[in-house]
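So the structure is just underneath, and the comments pick up after that.
Each chain gets a letter, A, B, C and D, in the order it is written, and its residues are counted from 1.
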Amino acid sequence: MFKLWLIPLLPFLGFLINGILGKKLPKLAINAVAVGSVLASFLWVALVVGPSSDWGANKLHAHYFTWIASGNFHVGWDFAVDKLTMIMLMIVTGIGTLIHIYATGYMDHEGGYYRFFAYLNLFMFFMLNLVLAANYLILFVGWEGVGLCSYLLIGFYFHKKSATTAGNKAFIVNRVGDFGFAMAMFLIVIQFGSLDFTPVFTKAPGAPVETLTAIALLMLVGAAGKSAQIPLYVWLPDAMEGPTPVSALIHAATMVTAGVYMCSRSAVIFLHAPAAMDVVALIGLATAVFAATIGITQYDIKKVFAYSTVSQLGYMFLGVGVGAFSAGIWHLMTHAFFKALLFLGAGSVIHACHGEQDMRHMGGLKKYAPWTCIVLACASLAIAGFPGTSGFFSKDAILTAAYEHAPWMFWVGVVTAGMTAFYVWRAFWMTFWGEYRGHGKPHESPMVMLAPLMVLAVLSLGGGFLFNVPEILKDMFPLKEEIPEEHMLMAISVAAGLIGIAMSWYMYVVNQELPGKIANALGGLYRLVDDKYRIDEAYDAAIVEPLIEGSSAVLWKTVDAGIIDGAVNGVGSQARGIGNVLKLIQSGNIRSYATWIVAGSVVIIIVMGIAGGVR
Amino acid sequence: MDPLFFLLFAFIAVACGVNVVLQKHPISSALSLVAVMASLAVLYLLQGAEFIAMAQMIVYAGAIMVLFIFVIMLLNAGPEETKGRSWAALIFGVPAIIGLMGALAYFMQTGMPELGSVKFGDWKGGGAYEVGYALFTEYLLPFEVTSVLILIAIVGAIVLARKEID
Amino acid sequence: MDPAQVAETLKHGAVPTAWYLALSAVLFVIGVAGFILRRNIITVFMCIELMLNAVNLSFIAFAHEHKQVAGHLFTFFVMVVAAAEAAVGLAIILTVFRNRSTLNIDEIESLKN
Amino acid sequence: MEFLVITGVKLALILFIFMTALAYLQWVERKVIAHVQVRMGPSRVGPHGLLQPLADVIKLITKEGVLPPHVNKFYYLAAPFFAVFMALISISIIPFGTDLTIPAITLGGATYGPWKTMMELADVNVGVLLILAVSSLGVYGIALAGWSSNNKYALLGGLRSSAQMISYELPMSLAIAAPLLTAGSLSLRTIADTQTGFYFGVIPHWAIFQFPAPQIFSFIIFMIAAFAETNRIPFDLPEAENELVAGFHVEYSSMSFAAFFMAEYANMVTVCSVATILYLGGWQPLFPASLGSDLIAPLLLAGCGAICLYHGLHPARPFDRITLPVFAVVFFGLAGLMAFPPTIPILMPIFWFLAKLLFLLFLFVWIRATLPRFRYDQLMGFAWKFLFPVALLNLLITGFLVALAS
């Protein structure tokens, strides 16, 4: 018995302690509890569960109690660990620990210190639930929980209007996705009569393909909501209102990848619904390109990385869509490394520039914050797919798979890769090269913030070598055989990345007027891209306004005020009328009431006895 | 042996029960009620309900009735005055009681299905282990709900009994 | 049940379950009688407790009859409810006494009409 | 039949020994307090006042029992004996040692026995609950005494004691629940048996040391609550002389007055025995016999004998010349009995049990001689705001650890 319940429970205890007592505890104690609990569960995963569960086909499965039992439909609180879960566990707890450590430095001067860490631990609890779940319902519990924590943490600076609205936006948009997921679960229950993974996946091949397609598409809706895919990606950029560690942990490394995890967890269903697979691939690809183009024009450093996250998630979905689940998971892992690093580095930069987020007011930081510069360079290399870095392997795996599926997808992917390299390095140059354009004097971040960055830098450089995910997962998702063009494709994607880097170097270091010129030349198109294709405005016009109008006009004024209130008041007046008559028999004398009760019970007993009700 | 015990404690229970009703002074009624509860606890033991018997002693006799006595002492409640006796309750009440008794007796005679018998130690399902196991597995939710109920009761009692600040 | 059977049961040193039920019925009726006839609010309250106890006895008897522990649990819950009820009820009695300085149940009839 | 005889014998023995012990507990208390306060204590009646308890008993019996006119006679007379009764019940299920076998004896050709019996009156398998139930009934005696005396001080005493006892029931029960989790039984004998054995051959398996959840905190909580349950200083609010003349027993005199004292001391002995069994491993020795724990008792007694002998030979007071050697002889005899192999398995458990019991009782007396009295609101606040949460926390942690270790 590996006491799987311990893994989520430890962060939860941390949440309880910090949440209840945090106001009184000193910062040191809060740090100890928050970091310690997550670290403990990481160690439990890495040292106890990891080694002891042999990596064969048999997976750990633990049933704790039956949560819902209605008829022959049972949902238990079950946890299960297989290799996929194991990888996710390592990512979540490992990176979670690093980011907790980082946050102790980053949040040092913030108010609501204990609140922040309580939320963070709660998030860890739900995320681990999501990953450990052995059936869709428990997964959904975690799914909703992380959504809640994301909402809480985006709106952490609740005194900022923009933060609270961003939180609401994230929450509401996610509801749309969760609706899809819930529908998918209903369909699953109807089709398979159970929500546990094992029976569902064993029965799935036999099920009618239409049902499977429907289920898969609905799941995709859910995944798109959580993982910020078209058309539900709009919440993620705004989510950057939250503190940077949150952006790194929730909106880059772990939560947003839950969709990818869910899809590859349900690989069996998707594999038997080819149409759905294509939709997934297309959406992934579209999102990748789309977000990349937006990323090019942004000046807020966190926004840049946010859009890059969206586009990288698009990559993962592309991988899932073309059937290369292991490649998707691999990219998920490497992305967790370098994107967490990018965000934390950005946090360190912002910290260095006294809270400045606009890259036009940065620059020349490489001599003020050398360490940050170095680690960010590692991350940018990784995301640009520089040969040997972690990003290179995973991205290449996805692109190869895409090529086998349909060559044009590969080419679009390559272009996107180029753009990715371009805007990431654009951000890099604008931040670290040239002259410092900001106010005050920038300074390097403390060691407690830098140490996790260095660990992550090592991981994002060497992650590809260290963990060859397709190799690990090969008995879940069979490896694809080598194809002849492999090396050529590799060369092309690498070239794209290098070209992107070179272009950014030319435009933002050598010849700095060029970008302005290009912008003017493009004119309207540039402005369109610059304000994100005006998608938010479109949504407002198309959905939000009508909803508000409709609800106020129809629901409130007619239905609520007219019908419901009328009915209620009518009932009330009727009751009063009847009461006026009935009150006459109320003597107010308790003993007479008692007498009535007894007399009534006597009657009942006699009736029942005569009717033989006693028998 | 069993019938002896049953008759003895049944007699005590009934006698003290009658005493509860007849005694004029609340304290006397309360103590007779304690006696009833104690003898009922013995009867529970005869039926193999060890845990419940002890709970009966601890909760009822040890806590609830102490609370009653506490309140009686606090209010220093004297014997009940017999003036202003409300005849209504007597006129309607006594027949109702007799009717209830008769109905119960009659239908227990006629309508009651054939029941088995109780012998001390012939069933050991009422130990602390069994009760606890059932309580924390299939009756977990009701148990938690009762805890909430208790909490509500505590809050309500405090709100009711504290002096109004004004 | 017929006397011969009862005699048989008693000879084996056992007690018919029906007797327990009869006892609980008697206690219940006593409680009802007290509830109706007494006028001291505390005594009335105690009579309610007496009724609860009577019901508990029958629960236990049936639990033994069907050899299930469920009856015990119902008794347990009844006890919990009784405890809560006692807490709130006595608090109410305290307040009533503080405001009206009487314990006579007949003088407390503000609910009339 | 035989069962009845044996039970009767045990009953008589326990009752006799226990009553005497209660009387002498009084003597011990007075002596200890006296020495804490650098006085001599009772020393006139008999050598070192050893006959003082006897004198007290005679005085109390022969004294006229005053029946004040204003009391509620029935309850006034019933209360003290109810108190004593409740106090004595719980002693009947306390095991003093492992089971005892009396070898068969032959009288005129007929062989009787051998008899095998437990060293308690009854081994109830919900013993702990029974103890709790009885101790929770104990409050009636005091409350009734206070109420029926029809005297404002007595009434206040009764009110205080009932409130106090109800309040301290909770932390006490919670504290008891924790070791039950590790022991997994409600029978006192079984609980004591689960504490046999030693870690690394040295540290005993007592609940206060026991893996996975040492119950040291629960032990402390239990002892504090026990002080309150027995109305001992620093929690003796019901009989606070300086506030309510003598609390609930102002109006009492002679035997009924003595009854309350007997009840108080009997309760002390009960809670201390329970603490011994639940936390201090009952009759399990402090360290294994292989390390010579059996030698402790004889050596101790022999030491006492030696001291008595020495002082007898160099008497400080004239009659020491006679009395102390007698004591010495008694002590040596006991030591010999303790060292006598056939009796060791019977006597050793009793010795260890009594040693722990006496230590705890000494604690009670010691604290009474040391600490001042609480104020009433402090008392309640302590129970509800500190003791109760701590006990709850301890229970939670214990449960967590036990679940972890299972």
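Basically, a contact is a pair of C-beta atoms (placed from the backbone, for glycine too) under 8 Å apart; a residue touches a chain by one contact, two chains touch by 3 or more.
Since we're looking at a predicted model, the values are computed, not measured.
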Subject >> Labels of chains that are neighbours to subunit B and to subunit D >> reply: none
Original post:
If you tally the C-beta contacts for A-B and for A-C, which one comes out higher?
Top reply: A-B
Subject >> Chain centre separation in whole Å, for subunit D relative to subunit C (CA means) >> reply: 37
Original post:
Roughly how far is subunit A from subunit D, going centre to centre by Cα mean, in whole Å?
Top reply: 63
Original post:
How big is the gap, in whole Å, between where the Cα atoms of subunit A centre and where those of subunit C centre?
Top reply: 57
Subject >> Touching two or more other chains - residues of subunit B >> reply: 51, 55, 63, 67, 74, 86, 89, 93, 96-97, 100, 104, 112
Subject >> Shared-contact residues (touching 2 or more other chains) in subunit C >> reply: 32, 36-37, 39, 106
Subject >> Every chain pair meeting the contact rule >> reply: A-B, A-C, B-C, B-D
Original post:
Which of the residues in subunit B come into contact with subunit C in the complex?
Top reply: 1-3, 6, 10, 13-14, 17-18, 20-21, 26, 29-30, 33, 36-37, 40, 43-44, 46-49, 51-52, 55-56, 59-60, 63-64, 67-68, 71-72, 74-75, 77, 80-81, 84-86, 89-90, 93-94, 96-97, 100-101, 104-105, 108, 112, 114-119, 122-123, 125-126, 130-131, 134-135, 139, 142, 146, 149-150, 152-154, 156-158, 160-161
Original post:
Inside the complex, what are the residues of subunit B that reach subunit D?
Top reply: 27, 31, 34, 50-51, 54-55, 57-58, 61-63, 66-67, 69-70, 73-74, 76, 127-128
**OP:** Sort out for me which residues of subunit B touch subunit A in the complex.
**Re:** 86, 88-89, 92-93, 96-97, 99-100, 103-104, 106-107, 110-113
Original post:
Which part of subunit C faces subunit B closely enough to touch in the complex?
Top reply: 1, 9-10, 12-23, 25-34, 36-40, 42-43, 45-47, 49-50, 53, 56-57, 60-61, 63-65, 67-70, 72-73, 75-77, 79-88, 90-95, 97, 103-104, 106
Original post:
Which of the residues in subunit A come into contact with subunit C in the complex?
Top reply: 583-584, 586-591, 594-595, 598
